[in-house]
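You will see subunit A twice below: alongside subunit B first, and alongside subunit C after that.
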Partner chain A sequence: MFSLKKCCRITPQLQVVGSRSVHCSYTTRQVCKMTRVRVVDNSEIGKAAMLDGKPPKIIHIYSKIKYGVTGDKVLVTVKGEMKKAIIVGCHQEQKAFIPKFDSNNAVLVDENGSPLGTRILAPIPTFLRKKLKEMSRSKGADYTKLLSIATRYV
Partner chain B sequence: MRIDRCYFCSFPVYPGHGTTFVRNDCKIFKFCTSKCRKNFQHKRNPRKARWTKSFRKLNGKELTSDATFEFERRRNIPIKYNREKWSTVVSNLETIASIRHKRESKVVLDRLKVDKKVKLAQAKFLVRKHIAVIKSPAAGLKLAKKVTKKDTEEEMDEVEPKKQAELRTNAETLLDDEDDVIVRQHKAKKSSKKNVQFEDDDEEEEVSAQAGEKRKILENMDVDEDSDNREDEEEESDDE
Partner chain C sequence: MKLQLCSYSGYKIHPGHGSTLVRNDGKTFVFLNSKCRRSHLMKRSPREVTWTVLYRRKHRKGQEEESSKKRTRRHQKFQRAIVGASLTDILAKRNMKPEVRKAQREQAIRALKEKNRAAKAAKKPATTAAPKLEKGKSAMQKVAKPMPKPKMAKTGGHGGRR
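Moving on to the complex of A and B:
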């Protein structure tokens, strides 16, 4: 639900009275390594992890950029195990036509792209239809199975 | 393709415009502009922001419940495509929109009419209050004094002193319009709240003097009208 950021949480206009001002970059709300992610499907591991209060943590992002974006595949540690997941909604403002979410949501997935759960509870951006199709084409694994268990689209 | 409504201001959000936000309770918020989005982020209530439709409808500034709104209501049941149905709907869209527009504008115009009456009453009161700028209170005073002495002395001697006082107060109230009554009531409310206590005798005298002057002016106005009528009668008699 929350995520540890590499950059500082303070706004850049931090000023100490009577002395030099300290500049910090804005909070970026990016999804990167070490960010904790909210599981949005009804898989057993995901449920247990969220109940414990130890949501899955990202340890690797499968993209050439260091930061994750809606639709990216991601390596995640859940309950001491390593699993793959797909980011289904970001707190950060994404590109046009992609809705913004209140938290960084993810759906746990196995290596072939089939989801571990049977239903996705949160609304999913329709943008994923296009993106997941592209992903599945290149790698041989079918990630569009995710969309079949979705209940609601945004 | 769908034209949504902005959550904050209820303006239409056309495709390619605005932003969407999904809360963790799975509620979806659509905004037409960053203005609405930022107001929402600042946790402002759209029903308190005066420029939003929700405020206007809540406070009776606009048409709220009408049959024409039923056509726009969201239906989650998909309808099977039927060409005739589709064409009739498209052709009727314009008429529905024009009817709705007429009804909405009627509501607004009715509100404005009320304002007209209020403004007229206010203007009348202003004129009465500052009549001295238009017409001097001393105009025709001397004449009037002479006339009152002659008439009223003759008439009033026949009447009891109690009634005399009554007649004088009635004369004042007869001159009042509805507007003056409203204003007077308003003033009475104000004065009742404050308990006026005169510290000096001088103040009392001043206030009573002012009241006396006002009465005199009113009496004189009465009398002026009568004198005008008398002149007309004389002219008519001459003509005959």
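Moving on to the complex of A and C:
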């Protein structure tokens, strides 16, 4: 509960409303549908989208839970197209031994799991080595290809 | 597993402890515990927080043993050659034995006296006096140089008195 004075500093209109405390829920920073994600590779579409100021938006998470976690595959809209992406870093605190990032990072990927870009400049958690291997299927999608274009591991 | 150092406090992080944070510019921070992590997020500089290693290093706490062992550099004296005399000449004059020096001195004095007498004798016949005096003087100057200065300066100055 914070005082009226504090409210007034933020928005002067609140003074008219009266002394009412505003309650906010704790921010969970989850990656879910409608989340804007930061493209971390050097693909053409990704770069263009980030420059435009319209980063890709998640429209579906390929997971049984409704929020995404480091290493999850995700369906994303970029510049009017639907692309698949893999979350390589979350702002939310993840499980133990997975580093926390200051933004939700993603790498654009095609149907077979091969990345659209040629290099990933941001650091990538080493936890992905295990996770992506589990996700990959022989004679199916191979998601570990993006590890080969990574430059730095965390 | 590699033993890491906390990027805030400087303490060792054993496996199973700590957390990692990656900033958007790519800088990675490893924290020992939430205390370090929260201090970092509060933007408290570790150099001002008393219990961190960085503070102790900056204020040189507990390092007195190491600093006392350090020695100051000694300046080396180095003998150089001057325009008038080369290095070998200087060393030769310095290392000359006192007996040798004395003998040289006496020799020079004797030579001077001879020349003075000769100059005096030459003065009587006026025509021959001038060239001889000049010769005497130049010879005296040449002899005067290698000698210890204070002694010969006097005699060099007053040529004809003796």
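Assume the second predicted complex is superposed on the first by the 128 of 154 C-alpha atoms of A that agree within 3 Å, B and C clash if a C-alpha of one lies under 4 Å from a C-alpha of the other, contacts with A are read in each partner's own complex, and residues count from 1 in each chain.
One rule holds for everything that comes next: a residue touches a chain if its C-beta (ideal position, glycine included) is under 8 Å from a C-beta of that chain, and two chains touch if they have at least 3 such contacts.
Just so you know, these numbers come straight off a predicted model, no measurement behind them.
Judged by the touch definition given at the top, the superposed model places A:K64 against neither subunit B nor subunit C.
In the superposition on chain A, A:P123 makes contact with both subunit B and subunit C.
When the two structures are aligned on the shared chain, A:G89 is found in touch with subunit B and with subunit C. Once the two complexes are laid over each other on the shared chain, residue contacts for A:R20 go to neither subunit B nor subunit C.
Contacts of A:K100 after superposition: both subunit B and subunit C are touched. Comparing the two complexes, residues 38, 89, 99-103, 121-123, 152, 154 of subunit A contact subunit B in one case and subunit C in the other.
Those residues of subunit A lying in contact with subunit C across their complex are 38, 89, 99-103, 121-123, 152, 154. The touching residues of subunit B, when paired with subunit A in their complex, are 19-24, 26, 28. Put simply, subunit A touches subunit B in their complex at residues 38, 89, 99-103, 121-123, 152, 154. Touching subunit A in their complex are the following residues of subunit C: 19-24, 26, 28.
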